[in-house]
Each structure stands twice: as C-alpha cells, then as structure tokens.
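Okay, got some structures for you below.
First subunit A sits with subunit B, and in the next complex the same chain sits with subunit C.
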Partner chain A sequence: MSRRVDLLIVGAGPAGLSAAVMARRHGLDVLVVDEQPAPGGQIWRNIEAVSGTPRAAILGKAYGDGIDVVRRFRTSGARYEPGTRVWQVEPGPRAYMTRNGTASCIEAGCLLLATGAQERPAPFPGWTLPGVMTVGAAQIALKSSGQIPSGPVWIAGCGPLPLLYAAQLLKAGGRIAGFLDTTPPGRMTAALPKLSAAAFAVPFDLLKGMGWLAAVRRRVPYVPRVTEIEAIGGDAVERLRYVTADGRSATVAAHLLLVHEGLVPTIHPTLALDCLHVWNPDQDCFMPQLDGWGETSEPGVFVAGDGAGIGGAAAACLRGEIAALRIAARTGRLSDAGAAAVAEPIRTRLRRALAIRPFLDRLFRPRADLFVPVDRTIACRCEEVNVASIRAQAAAGRPGPNQVKAFTRAGMGPCQGRQCNYTVAHVLAATEGRTVPDVGLYRVRPPWKPVTLSELAALDTTDMA
Partner chain B sequence: MMSAEPIDTIVIGGGLHGLSAALHLARAGRRVVVLERSWVGRHASGASAAGVRTLNRHPAEIPISLEAMDMWSNIEAIVGDHCGFHANGQILVAEHPRHVPVLEQRLASTQAAGYRHEELIDRAELLRLVPAISPHCTAALVARQDGAADPHRTLQAFRRSAEAAGVVINEGFGVTAVERCGSDWRVSTGQRDFVAPTIVNAAGAWAGRIAAMIGDDIPLGHKASMMIVTERVAPLLKPVTSVVGRPLSFKQSDQGTLVIGGGLQGRADIDRQKSFVNFAELAKAARAATDLFPSVGTVRIVRTWTGMEAKTDDYLPIVGASPVASGVFHAFGFSGHGFQLVPVVGAILADLIVHGATTRSIERLSADRFLRRRAAE
Partner chain C sequence: MFEKLRNPEGRPITVFVDGTPVMAEANESAAAVLLRQGPVWARTTPVSGARRAPYCMMGVCYDCLATVDGVPSVQTCLTPVREGMRIDRQLGRRSVAS
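Up next, the complex of A and B:
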C-alpha cells in the first residue's frame, strides 16, 4: 500500500493550494490531500459550490477571492485526494492516511504541512455544555451548508473572527442576542504604536475590521470589556452569566453561545514528529521552528500557512509558494540560486502581508485571565479533568504536563490534548511560578487523528497462511 | 558539593525497580537516596503494559515470578494501594491445531519441573473465559492467578510508600560518573555528588552505561516496545490474551479502553532518551487483534507509544551483585517483562545488601554469565 511522490501536501487551504501550483510550475509530481470534500481550507471552505451564489455575497470579498486560487490549483496538474485523513507522519518523510475507510502509506521526497490553525482553547465554567460551540464551528456550518442558528445567539470573544461572523450572520438574516466583547481595555492604545510600522499595509484589513465592528454595534446589544463568562444549565446551556471590567455582572437567557479567542497554529503533526518548536510571545502560542523556507528541524518536512504562525490567507499563499520553491530546488528542478531569485519578490510581498500582524496581535491579545481558568472549570473535556485537579498535581511537586497526564488522565482522550494542552501548561506555569515555554506541552502520541484498528490492520501485508 | 546526611545506598534510576529496591531497603532500616535523571516513571515503568504474568516465563525466572505473584495478590498490604491489579488470568491462545503442540510441550516441561501454575484448556473453556474471541481459536494455556495492573497507580503507590519509609527521591538528577572513594562510591550528578558504601543500578535502558562506569562491561541490546490504546468500549474481556506465533497482547483496562501490545519494536534513540512508533510494524498487532477479536475492527485508536528498556542476549534480567565491583548491585535487562517482577526483585536486592545473601533463586540471573562467556571467547 505504499506509493511515492515528489511532494505530498497535507491541507488544501491557501498555503497548500498555492504551494501545489508553484511546485507544478516546476514540474514536480504533487499530491494534495485534505480532510474536506472540496478545496479551499477553512477560509475558502466550499468556495467552488458557493462562488457566484447569493451566499458568496454574504460571506464577503475575502471569501470570494479564493475562487481564483482554487481554479489555478484545479488546472495545475496536481493530484488531489479529498476526504483523506492524515494521521501520522514519520521521518523519511512518510505519511499514513485513511480515505474511504482504507489506510495507506505514502513516501514523499518532501512533505508540506499546510494544516492551518485551530481555535485557541479557552475553557470557562460550563464550556462543555451542549449549546456552547466555537464561532469557527458555526462559520463552517454557514459556509458549507448556508446553515444559520435557528434562535438568537450570543457571541463572546475577541479577535476579527467573531466580528466577521457576526456581520455575516446579520447579512444572512440570523439573529444575535448580544455580543460580549472580551477584548481587554487599553488594547487599542497598546496596539497603535505597532500600526505606524505597518503603515501602508493597514488600511484594507483594518477598515474591514472597523466596518464589522460598527455594523455589529449598530445592530445588536454590544457589551464591551467582558472579563468573565460562564455557561449555566443542566443538560444544555440555559443561561449565560458575564462580568465586565467595572465589576458589573448579569445573567441572561441563552440557548446558543458561540465563543472565540483567536487562533493558534496546528502543531500536532510537528509535535508528533518531534520537530523543534518555539514560543511566540506575541501570539501566546508555540509554533514549529522553521528556516527561511519553512523547513522544520526534520529534514524534508516543511510547514506553510497559519501552521507556521498566524498570518492570514494572503501570507499563507506566499509562504506556500516559498516552500514550494525550496522543495523544487531539492529535487533539482531549479538551482538554489534560481529558487532564491524567484522567491525574492514573493518575500517582499510576504513582508507586506505580515506588516499588520504586530498591530493585530496587540489589539486582539486575549486577556491574561483567560489562560488560567477558575478551579471548577473543566480543562480536559475528554476525560473530564478540572483545573483544580491539575493545580493539585502542581502542589505535590513540580510536575510537567506529561506527569500530570499520567496521573490525572488529562490529555489522554481522543482529542489528543488539542483542547487542554495550553490550559495544562498555563495552570502549571502559574502554580509553579514558571513560564509556559519552560513547562512545555504534552508529548503527542500518534495517531494525531483517530484511525480504526481494522484500518491499521489493513496496512499489514504479511502473509499469514 | 556533597550530600550532608550520611547515606547507606544510592539507587540509580527512579523506575519501578529502583523504587522497589529503595522501599525494601528503607524498610530494613537503610538510609536510601534515589537519583532519577528525569522523573519517576518516565521510561519503561510509565510506558508499561503492566501485565502481571507468570504464564510462559523462562524456567530460570519461574521461582521468583511465582513469589512475585504471591506478593501481587497481597500488594495492598505491601504498598498501601491495590495498584489497579486484577487477577483475571493471562491466556496464551493457539489459533490453529498446528499451534497446540507448542502449548503441550510447554506445559509438559513446566509440570516436569514441578510447577502447577499453568493449565491447558480446550476451545469450550476458552470461549467461556473469553466469549469475544474468534471461534477459530483452538485451545489455550492459561495461568488463572495472573492478571494486569495500572502502571501509573503502581508507580504512585511505590513512590508514596518508599517516601513514607524515609527514601529521598531526587528527580532531575542524572548520574554522570561513579567512582571509588575509599571503600565508598562517589556518584556525581549535574547538581551534586553523593557518597555511599552501596549502589543499586536500576537505570533501565541506560543501566549498561552505569555498569560500564564501575567496570562491568555487559553486552546489552535495547527494546522500544510499542503499545496501542483505543477509545473506551463496552466490557469485552477480562483476561489478558496473547497468541502463539504472532505479536499480540490484548486486554481491556478499568477505563474500558483496549490496551494492545505484544512486543513489536519501534525505534529507540538511546542518547536522546526518546523512542518512536513505527506504524508499518504496529499494523501487525492491529491485524492480530482484529483476527482474534473480529468485533473490534471499528474501534478507534486513540494513542500509541513506545517505552525503552535494556535487553539481554537470553532475555533474562541481570539481578545481583556486580562480579567486579563490591558494593554495586544490578537490576536491569528485564527485556520487556520486568513489571511483574518488581516487588520481588526489590526484596532480593535488600537481601543482598542487608544480609549479603538471598535464599531466592537468582543464580542464572547473575551478570557473570555474560562476563564469563566473554572471557571464553
């Protein structure tokens, strides 16, 4: 069941698609795999079906723009296998994946992980109740099937996505019960100095964000400076309690609460490969350590897109192209000098695309309290371990996350710690007087996506007779 | 800097064997310090499948393994916790009639040696014990008093009782050198030095390096055994099940997850103290599991891992005094099946250190067997 390609790309979002187009231009044999049924990634999800329909107008220009990239990809000659779940990468590089219930293994000259970002886990009391979901998940439903929540929703969070989704939902005819802005006071003042540095890149992105904010404030109850939220209910959320910076608290009826506190790079694949990672203090997250072309510490394994640090779609496309150039040079289709020359103008555009980041990172930096939730909060939802039990472990010594995992089972569930790794690191750091990069994250135990026993069994081709 | 308090024994390695030796020594009145490079249970002991098995053990290990079994039946009295141990039996299955003679010969040899812990059962009894097993299986060897424990619970229990007995456990203390210091030994770590008349070498996969520091040149290999754990499923089976001729050890934990091993090997990087799963190999265990338990095919794998351990040429551990350096006692090379022996090996080391001898049968576990063979070459 083993095949070979020059370049295997995991993820058909902006970074993966752009890398495929560039690599094909230099004659590489390229295979792109993705879990979704169609190309586009998170931002351009379902774009081929939606483009040209009224839903495209609701979703906005940044969404609609994706169609050009997807079309170029479709005609690039890259092979594309949607509906494929990659669950492990080993040095080689070699990738294991499942498609239509069949597992296979691919040997790749180079591997590009363009697996994007995940929403930052931000637990609070009641976050595991049915009726609480992330803004990202709600937006997926809107993009893929035009689904809008039936009743009025509460939206709580910080960052561009809740604003964008609120604006899209209003356009689509959805109802918003209220918008709880958890952006801490003073962020604009802190961020502004970063803006001058970004000067010419600013206007579009910033104005876009301001526009969403204005639309939301005009049309729905808007509560600024929210410092705490709690979802309350028996079998599902019934009420929502929030507290604002001035100490005021309110409890309101709520049946659907959407939360979002920014994005962090998807690092499970590179953690499982034991690549080196670095702490990004501006985005409060870990990211793989990469060279100027996006190559990780594992030879032949590259990362592009938000997985390399949150940078948005435009930067993702450019990072994908840069990685593809290096990979083309590796296979000898291009000289090193040739790759460097082609990359030069792309790098200039990348710098421009990323210029707004320091400003956005400051503006939407989550409130500090977010990271260390109150004791009764569930940290690991798979194994139902609360913050108090993790703190209790820390009180008994100076354990790291792996010991806490062994003793509390936090992080042992099917999500592989994606939901609790940062919380455990922050709680340990706070309790032990250490920093998060010093504490670190759990070791990731493959597979990073579930695979069944029979799928794995089918990879064994030894003759049993 | 030197340690201030006088120490009787320095135990190198905070795995279960180090903890067990420390516990037994402390209970015999010795002042014991454990030096652990990472943290207690970081390697084989924390990664273990924790099978408590006398079934199909090498004859040289049977006497101490049977004694360990008695200790497991009584483990709560020893370490104040049941360690998640359940005596639901271990079963070695013969899938096809051609495998049955393997079991018959095994049984004949252990019975000839006077042991009665193993029993041959037919398909009907096998299906009674393990209703979920595929009916193509023909017969099995069973040790009904065997079972499995929870490795993390076991680690916590041994750690707590060792500390309660006065053992000082230093985590983050990697031993970098061991030298003579008069009639004592000086053990250096990155932080400080420790001096004591006796040392226990329970450094697991790295025990060969400690042995070399005191002059025992013992040829050792390594294992990086792989494990699979699945999502939780409804109660499926109680005994730990393995099979003749295929890499499989299959059981269900208290949480309901299926825990699958069988000694398949991943990749070990001994210097970096890391090991890695090899899925092409691991597929063999998944295949054996789904062949023996057809209903588990759709069960999702949640995690896999590897644990590193030292392996000897004859797959028997090295337990006993160093042949060349007085005051040094080895306990390593368990070759993938040392968990069950933990309570008894600690008691043996305490015998040797406190009384200078043991009545337990360890002749064939001496490091001599490797040194002598070398001299003859």
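Up next, the complex of A and C:
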C-alpha cells in the first residue's frame, strides 16, 4: 500500500501546480494530491470548466490567467490524485491520506505543503446562524457552481476580497443590500508610506483595486468605519445590527450576510509536524519558519504559496518554483549552484510580486477588537463554547490553549480548532496580560482530518518496517 | 438563498435532498446544491441542536456535514454530486451504527 515518490505535493493551487511543473522539468517523479475535484486551488477553482465561458468574464483576468498554469501542469507528466484528504504527515517525510474511502501512505524524498490559506475566523454574535457565510464561500459558489445570492446580500468586511466579490456580483447581475466596510479609520495614513513601492512594482493591481472600490461606492449603499456587527435570528438570519465608529447603530432586515476579515496561512500540517513557527505581526498570524527555499525546520519538508505567508497567486507560483529547484538539487538532478542560478531571476520576480504586500497589509489590517469578541459570542463553532467560558478558564489560572481545550472542549470538534484557534489565543492573551505568540495555538494531533475506522483498517503498512 | 446564473454550463442531473428530487449540475458540490434549497441548512449541532449551513465552502469549517448516500458526517462542500445521490440533512451526532 505504501508508495514512494521523489516529491509529494499537497495542494493543487498556484504554488503546488507551479512546483510540479518545475520539478518535472528536472526529471523528478512527482505526485500531486488535492482535496478538490479539479486543479486550481481556491483562486482558480473550476477554471478548466469555466475558462472561455461567460462566467470567466464575470470573474476577471486574474482568475482567467490560471488556465495557463493548469494546462502546463496537465501536460507536465506529474501524477495527480484529486479528491484526496491528507490527515497526517510525519518526519521521513511520510504522509497519510484518504481517497475514495481508502487510506494509504506515501514515502517522499521531499514533501511540499502547498495548502494555501483560509479566511481568518472573525467571530461575532450570530456568526453560526444559517445565512452567515464568508465572502470566499460565496465566491466559490460562483466559480464552482455558477450561482449567486438570490436576494439582496449584505457584505461586511475588510480586504481586497469583499471589494472584488462585490464587483463580480454586480457584473453577474446580483444585488447588494449594503456594503459594511470594517476597515478601521487611519489605515490609509498608515499604508501611504508603502504606496510608492507598490505603485512602482504593480501599478495595474493598485488601479484594479481602486476600480472595485469605486464601483462599490457608486452602485451600492456603502457604510464606512463599521466597528461591530451582529446577526440576529432563530433558525436563520433575519436581521443584522451594525455600529459605526461615530456611534451610529442600525438594525436592518437581512437574509444573507457575507463576512471577510483577511486570510491566514493554513498551518495545521506544519503544526502537526512540530515545525518551528514565527508570528507575523504585519498579518496577525503564525507562519512556518522557512529558509530562502521554503524549507521548514523539518528536513525535506517545504512550504510554498500562501501557507508560507499571504502573498497572492503570482507570488505563490514563484515560491513553488523556487522550492522545486531546491528539491531537484536535493535529488541530484541539479547542482546547488545550478539551482541558485535558475532561482535568481525568479527571486527578482518574487520581490516584485510581493512589493504590494506591505501596503495591503497596512491598509487592510483588521480592527483590534475583532480578535477578542464580546463574551456571548461563540468562539468554537463545533462545540459551541462561548468567549465567556474561555475567559472564565483564564481567570481560574493561567491556562494555555491545550488546557482550555481539555476543560471546555473548545477545539475538539470536527474542524479541530481551525475556526477557534486564534480566538482562544487572543482571549487568553488579553485576559492573562500576555501576547499571542507567547500563548500559542492548540497542539495539532493526527488525524487532522476526520478518518473513519474502516478507512484506517484498509491502511496496509506492513511493508514499511 | 442562492440561484444559478441564467446560463449554467454543466449537464443537468437529479439528486435527492431529504428524499425530494432536485436538479443539479454535474461536478458541482453537494453543499452548492444545499444552498439552493430553502430553508438552507445542512445539519443540526450535537450540542444544542442548532441549525448550521455551509459557511466556508472550502473544507475548513465542517458546518456543511450531512449524510451522503447513507454515509454520515460527509463534508458536502468537498463532495461532487452524482446522478441519483442522496443528500440527507444530519440531525445531531453521527450514529456509529449507520
């Protein structure tokens, strides 16, 4: 049952696909596994089916461009196993996964985790009600299923994605009841010193973003400086309450509320491997500590793409190529000097692709009180543990996230802390007078995706001794 | 809660949501189908019995869990629909026997 490959890539988004193409160019035996049914990751989801259709025009050029990368991947000779869930990685590196209800194990010369990002969990009262979704979720529904909200939708958040989706939705004929901008006052002032570097490197991206904002402000009721939101309802959202920085409060009818407060790297795999992580104060998140090639503190395990820190699709492709070059050198297909020489112009392009980030990070830095929600807010969606319960634990001693997990069950549900890890860390830090990097996150234990006993029973590891 | 754009590109198929036949497009996810069936929800929670609906659509929130073709706690956002698929909203904790 256990197989061996030169390079196992987890994730078929921009970083994973680009790494596979580069590694194949140097003759490596490459296997790419991915949870989705088709290549592209979240940004280019369903691109093979959508490319060339009217929906591609709605989604825009940055989406449509993905088809070139996907086509190069399809002809690269890399093996591709979609619909695969990886649920454990070990030093070796060795990875355990499930596909079509059967578990298997793969031994890899090197492992590249190209697992991307998730939307930052941003709890508020009522965020678990049906009718509250993330902006990313609604955009996925448009990409993968060609569907839009059937009634006027409220969009609340901070970041490029809510503006982009609002612009796409208007183009698709959708209706927006209102746009609640949660970007705090003063962010433009903070971001301005970084504007010239961004404008010099990627002027087109900046113009695009300004175009989205202009379209939203012109065509949609736009409420700036929103500081609080609450979804109200019984079995589903019925009303939405919001408060602005100047103290204005309103309660409005709402059936669908889309929220977004930025992205954070997916770090479950590297946490499970006990890799070293660092706190990124500009993006308010942890990320794995990496060398200049994307290698973690665990030998042979690399991270590329947004999992290495939020950088966007263009940067993800380049980071994937750089990691693949180092991995090719590891297997002897390329000298170290050769890899460095090929990587040099890619690094130049990477610096250019990342030049807009300091500006975006400052402009769209979430408001501080987003991280420590009011007491009645559910922190852990799975086990329905509210912020007050976590605060009460902190008052009883100086527990870390793992103690809170043991006492309250927060983080023990099926999502395994993906939606509450940062909230628990922030609430503990605030209550105990510590910092989030000091408090840290839950320990991640395998399997980090739910696995059934029958899947496990099918796992044959007899040849691995 | 959601509706298809006027020009769907895929091939129409039939799936069953709690036994009711509904139209779907090949290759879309079971969660995407649930988003078109009002009232929209996928499961109730094991703790309080509250309704939950797909929230993230990308496999990280687990609120779209439902019973698919008799298998409980399936992440419907990661499950492409097939002709005749049975999607049943899940009530509370999954049963070990089923």
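Going forward, the second predicted complex is superposed on the first by the 455 of 465 C-alpha atoms of A that agree within 3 Å, B and C clash if a C-alpha of one lies under 4 Å from a C-alpha of the other, contacts with A are read in each partner's own complex, and residues count from 1 in each chain.
As a convention for this text, contacts are C-beta pairs under 8 Å (C-beta built on N, C-alpha and C of every residue); 3 or more make two chains touch, one makes a residue touch a chain.
Remember, it's a predicted structure, so these values are computed and weren't measured experimentally.
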| item | value |
| --- | --- |
| Subunit B versus subunit C as contact partner of A:Asp460, first or second or both or neither | first |
| First, second, both or neither for A:Arg391, with subunit B first and subunit C second | neither |
| Touched partner set for A:Gln147, first subunit B, second subunit C, both or neither | second |
| Partner chain(s) touched by A:Pro414 [first = subunit B, second = subunit C, both, neither] | both |
| First, second, both or neither for A:Arg357, with subunit B first and subunit C second | neither |
| Contacts of A:Arg367 with subunit B and subunit C, given as first, second, both or neither | neither |
| Touching partner for A:Pro450 - first (subunit B), second (subunit C), both, neither | both |
| More subunit A residues in contact [subunit B versus subunit C] | C |
| Subunit B versus subunit C as contact partner of A:Gly400, first or second or both or neither | first |
| Which of subunit B and subunit C A:Tyr96 touches, first, second, both or neither | first |
| Shared subunit A contacts, counted only where both subunit B and subunit C touch the same residue | 413-414, 450 |
| Subunit A contact footprint on subunit B (complex, rising order) | 39, 41-42, 46, 152, 155-156, 171, 228-231, 255, 260, 274, 276-280, 282-284, 286-287, 289-291, 296-305 |
| Sites on subunit A touched by subunit B in the complex | 88, 90-91, 96, 105, 274, 397, 399-400, 402-403, 406-407, 409, 412-414, 416, 445-447, 450-454, 456-460, 462, 464 |
| Residue ranges of subunit C in contact with subunit A within the complex | 1-5, 7-10, 25, 27-29, 32, 35-36, 39-41, 45, 47-48, 50-63, 65, 73, 77-78, 80 |
| Complex contacts: residues of subunit A adjacent to subunit C | 35-38, 42, 46, 49-50, 53-55, 83, 85, 118-119, 128-134, 136-138, 140-141, 144-151, 172-173, 235-236, 255-256, 266, 381-384, 413-415, 418-419, 450 |
